[in-house]
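These are the structures, in structure tokens.
Each of the two complexes below includes subunit A, the first together with subunit B, the second together with subunit C.
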Partner chain A sequence: MQAPAHSKILRKVWSIRELSILIATIAVGFFFYLGNHIFVTPYNLSIVLMMSSDVGLVAIPMALLLISGEFDLSVGSVYALVPIIANVMYKTVLPNIWITSIISLLMACMFGLANGLLTVKVGIPSFIVTMGTWFFFGSLALIVSGGLPQGIPTTSFYNLGGYVTISGLPFAVEMIWLAGTAVLFYLILEKTRHGNWSMGTGSNKMAAIMMGVKTNRVKIINFMLTSLFAGLLGILDLSRMSATTPTQGTALTFEAIAAAVIGGVSLSGGAGSIIGTLIGSILLGSIYNGLILIGAGYYWFQGFVGAIVVIAAVINLRVAKARGSNA
Partner chain B sequence: MPDNHLIRMVDVSMNFGAVRALENANFTVDRGEIVGLVGDNGAGKSTLIKILSGVNKPSSGEIYFDGRKVTIHSPEDARKLGIETIYQDLAICEELSVWRNVFLSREIKGSVWLNKEKMKTETTEALKTLEIKVPSLEQKMKFLSGGQRQTVALARSLYFNAKVLLMDEPTAALGVAESNALLQMMLELKKRDRAIVFITHNLRHIFSVVDRLTVLYKGRTVADVPKENTTIEEIEALIVTGNSSLNVPKTVLEASDGTDKKHF
Partner chain C sequence: MTQEPKKMERRNFIGYMAAAIIATGVVVGAGTYLLKPSSTTTSTVTSTSTTTAVGTGATTTVTGPTTTISGPTTTIPQYVYTTSPSTPTYKFAWIVHGLTDPFFVPAIQGVKDADAQYGVTTDLLGPSTNDVPTQVNDLTTAVAAKYNGIACSMPDPTAFNSEVNAAMAAGIPVFTFNVDAANNRLGYIGNNPTVQGNAAGNRILASSISGVKIGSGDRALITDIPSVYSCHLRALAEISILQGAGLTVDHITLSNDIAPNISAIADLVRTDLEANPTTKVCHGCGNSDTSAMGEVAQALNLSGKIVVGGYDLSPTILGQIQAGNVSWTLADLPYLQGYVSVMLLYMYLQSHRSVAADMNTATTFVDSTNVAGYLAEHHYMS
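After this line comes the complex of A and B, so read on.
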């Protein structure tokens, strides 16, 4: 049976996983451009990307974790707790913010290790484990900080996550971190054995075990990476804002999962794309920024994100079908 | 005692808590032989296979491979010996492409990154030797038919030079034509000196390819007979009752002594 030419092309388009979400992001950008031309100026686009990093730096490692079949709801609290630890240590015992940052990031890895061990060794579903640690780390952030925002009396590490001026234009350093993270995780997922094992583990754990994949190790590594990057984002934001709040990051967990899902990551594991997750993060950053520029404000943000998550899920379903019938 | 068997399992028992899944079971496989392993649900077939494939560790008993005593602690151990398991559906990662499934856990690496191109060419070659056709190497396994999945799994084990293939209900999910194709493929593998352990409830399928049949009944080996010396009816009786009224070899009578009484 000969399919008409246009439907063939359409199916080809559907079959490129990241294309649909890219088109959606461009369409949303164009919509905001119509509302306020400032949206596409280089300066504003750098702000969009900075805001995208605030989701993407967690969404991208989360994507790898989701692909290997697990959740991490605790990232929001880790994001709040890690910079507080760095800051309090800096102010009390170790007056070098770089060293205290590194120590607190190592602790972030331990938080991830705890999530991982509780999930794979004790056998509690990661949804429950990380809901528990979300509460726990959130509480720790309040206890350690005394519940108050913590200013940091140094600017010596502002360049880590703040802005630098390049030929007169401010340039958000977090963009570099986002790009670097995306490249790193793209390589891990697509070019390393760990990436292949993550897909296998998430797709069919028993099968992967029988084929010789060390699924527990795969999951624990991914829990640790996710936690590490949640902590890193906290440190970068501490650098940029010179302050940290114990209650920050309440929305981060679901924004990160939303960005991954929008980007085509399967919540049941086994499949997903780092590039898609990056674009999903940029889409969220665009909506956040664009709504402010057109004067609608933040209250609309979650409504938009919610609608887009559902639309993206429908699109991804069609993409999956097209990929199945295509080749 | 001289040991010409490729695999010999001696008095293997397996307890899951209070449940005895295997009780002093004996099982042998020779080179280039197709052995049918049959028994009712819960007779211990899958437990035995899982012990051989390294998924379960036996509570007691000995396993010899090529005359050498071995312990199989993990699927990796089993594979190193040359024992490959082909499960009906279990050992397929549906979301992964054909070539990823073939090479999962045995990826080919370049100096730094995975060598995808090499894995794809090798997959093509492996499929070609068995004259297997799949729509595309990038196709996810979930979009292949049951028969195609089985053959990909077969190609995988052949590529890695399996000496013994453990096939647990390989025809259960297949249509008539696909089943026949798979049975043909098993005979083809036998010609290439591969041993196969064939587990199925379908005695017609078993009888069309095997050289020998081993019957398990409530965790015990109750019969071990060449195909020529038995019939479908006798095997059926052995499966259901652990005993046979027909021409029963000596080993059968000895083993079934303690197990058949409560049925009569």
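After this line comes the complex of A and C, so read on.
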């Protein structure tokens, strides 16, 4: 006897991996709405999405890297260093901020390449390598900038990451970048060989190698993508604020990892979801924005994030076990 | 395959989802309930009526040493108030670039005192340590939250400008404090760091050790924190004054992560002084490095042998001045930066958006002659 149509639909809905995090995000939004109705106004939601972009643009590539079984702790320093390089080049040797931004993004790729080579060729755990590069790139940011904040005149460069007004509402262009990044990495992970190889490398590296997967190349590419997008976020923030400081991004690394974990990425590799990471980023942005709206402030943000990361990790583990036991 | 395993899978999944929702709801709901701002109270003022008798005269006759004024007297009645004029319960945002910086402890006390005085509520926002993008996001959210007014320190010259413009366009008044930026804000409560640095440099040149004035050829050690723009401007001004007078000036640049760490800064300063024992001047540019220099002066028994100065008020610095290890500090008066920023927001709104002002929180030297008064003030002791 065939199952009724509605139960087929329900089964399909329940099989959506990201359903729990989506429901949690909606629940969090609802509670902040109860705390301050402004939370769901279009203007505020646009700010939530902007704040989500500040994490998501790094969390999504980080998710792919985590799925392939590696860490990158240096993203916060790369985020600070890349716009400073762009700005200093602009002021000293090449008075075109667009070209200097592209050059500095290429340098970001090189930073990722360094992380990848040290990890896969030298054999040092990525945690150690990227912790070292976190300090190194952070120091470079201070040296290149002289420790000083860097500003640029507001020009057409503002349109790269600034605000545009649609129907009287300001929308940060970063949101469009976030949407595009999510689509891109979803396609990479779900539809391309590289994504498939990333998943295989993270779940069982030896088996992947035996099946002909070039695991080293996979990891190096993922390191480069992570650094590239960390640098891109720095450039977008430079565009939006017309300023950058060498000490920004101190919490970015762990917020990006938190968003990925909340979204269902396994820290041991081999499992995860780009859509889940995107929703995790939106959840973090909602929490940060909502806490300000209810007057709680920054101190509570880390506490809430910590609690939700642990809860999400436990839930994901249980769900994975339940799915695995019924395969 | 029987139906049983699928039912169990579904039950498990429902259970896990329910657990996720309940857990998240409990965490967020409890936080929302616990963190909701308390209701404000308004104060009442009662005054009594008085009458004043005033004499007026159509003529004034002056003869010799006597002046006679004659005419009918007029009584001017006074109105009686039993309560103060009613005001809305304003809600302000106070956004600072370092909520955990000890310098802002008196400032936060000033905010709370002003809240109680004017019957308003002020939410304290901002990152724990200097993080401009995070602080800009806080300002953006404060504008969206439609606070009645915003006071915000602006440690970057340009990063806050578009958000300030957005706030002003939305009818939300914005004042800055502690660190200023050239934008559309209504007023600034704080100091001019270059003026402070010049004053410090001149004070150093007016100082002497064992009767010998500080002057050309002497070595000075200055600390600088470039990521905090006001500290950087102070250091630049001091260096300029001292180099102009022929002193040899070396400076230690402190990064953002080390800047609040008194112990780490003390290690750097001690290393420098032990390598350069002829150093005559040691001057900080902020709270932590000034405290560190006092600590080093005490540890190396340099009281009376080196001129140690700096900025800001903290119990540590005031204690070091009293003990003779620090010669002076320039009081940035953080309490006023907190109190006056709330006061000006309140006055601006109460005056139908016409009263706005800057306030210079003074370049006051606190030294052994007046430190006792500052030590007695409760809001300088955290």
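Here is the rule we go by: the second predicted complex is superposed on the first by the 308 of 327 C-alpha atoms of A that agree within 3 Å, B and C clash if a C-alpha of one lies under 4 Å from a C-alpha of the other, contacts with A are read in each partner's own complex, and residues count from 1 in each chain.
Just so we're on the same page, a contact is a pair of C-beta atoms (placed from the backbone, for glycine too) under 8 Å apart; a residue touches a chain by one contact, two chains touch by 3 or more.
In this text the structure is predicted, and so the values were computed from the model without any measurement.
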| item | value |
| --- | --- |
| Contacts of A:T192 with subunit B and subunit C, given as first, second, both or neither | first |
| Touched partner set for A:A208, first subunit B, second subunit C, both or neither | first |
| Which of subunit B and subunit C A:G270 touches, first, second, both or neither | first |
| Which of subunit B and subunit C A:A307 touches, first, second, both or neither | second |
| Which of subunit B and subunit C A:F31 touches, first, second, both or neither | second |
| Which superposed partner A:I166 touches (first subunit B, second subunit C, both, neither) | neither |
| Touched subunit A residues, subunit B compared with subunit C | C |
| Partner chain(s) touched by A:V93 [first = subunit B, second = subunit C, both, neither] | neither |
| Set intersection of subunit A contacts, subunit C complex versus subunit B complex | 323 |
| Interfacial residue positions of subunit A with respect to subunit B in the complex | 187, 191-193, 196-197, 199-200, 202-204, 206-213, 266, 269-271, 323-325, 327 |
| Complex contact set, residues of subunit B against subunit A | 53, 55, 74-76, 79, 85, 87, 90-96, 100, 103-107, 109, 112-114, 135-136, 138-140, 142-143 |
| Complex interface listing, subunit A residues touching subunit C | 11, 14, 19-20, 23-24, 27-28, 31-32, 34-36, 38, 41, 43-44, 47, 50-51, 54, 142, 146-149, 151, 154, 162-163, 170, 237, 240-243, 245-251, 287-289, 291-300, 304, 307-308, 311-312, 315, 318-319, 322-323, 326 |
| Touching residues on subunit C, where the partner in the complex is subunit A | 5-6, 8-10, 12-14, 16-17, 19-21, 23-25, 27-29, 31-32, 35-37, 99, 121, 123-134, 136-138, 140-142, 144-146, 155-159, 161-162, 166, 224-227, 229, 232, 253, 255-257 |
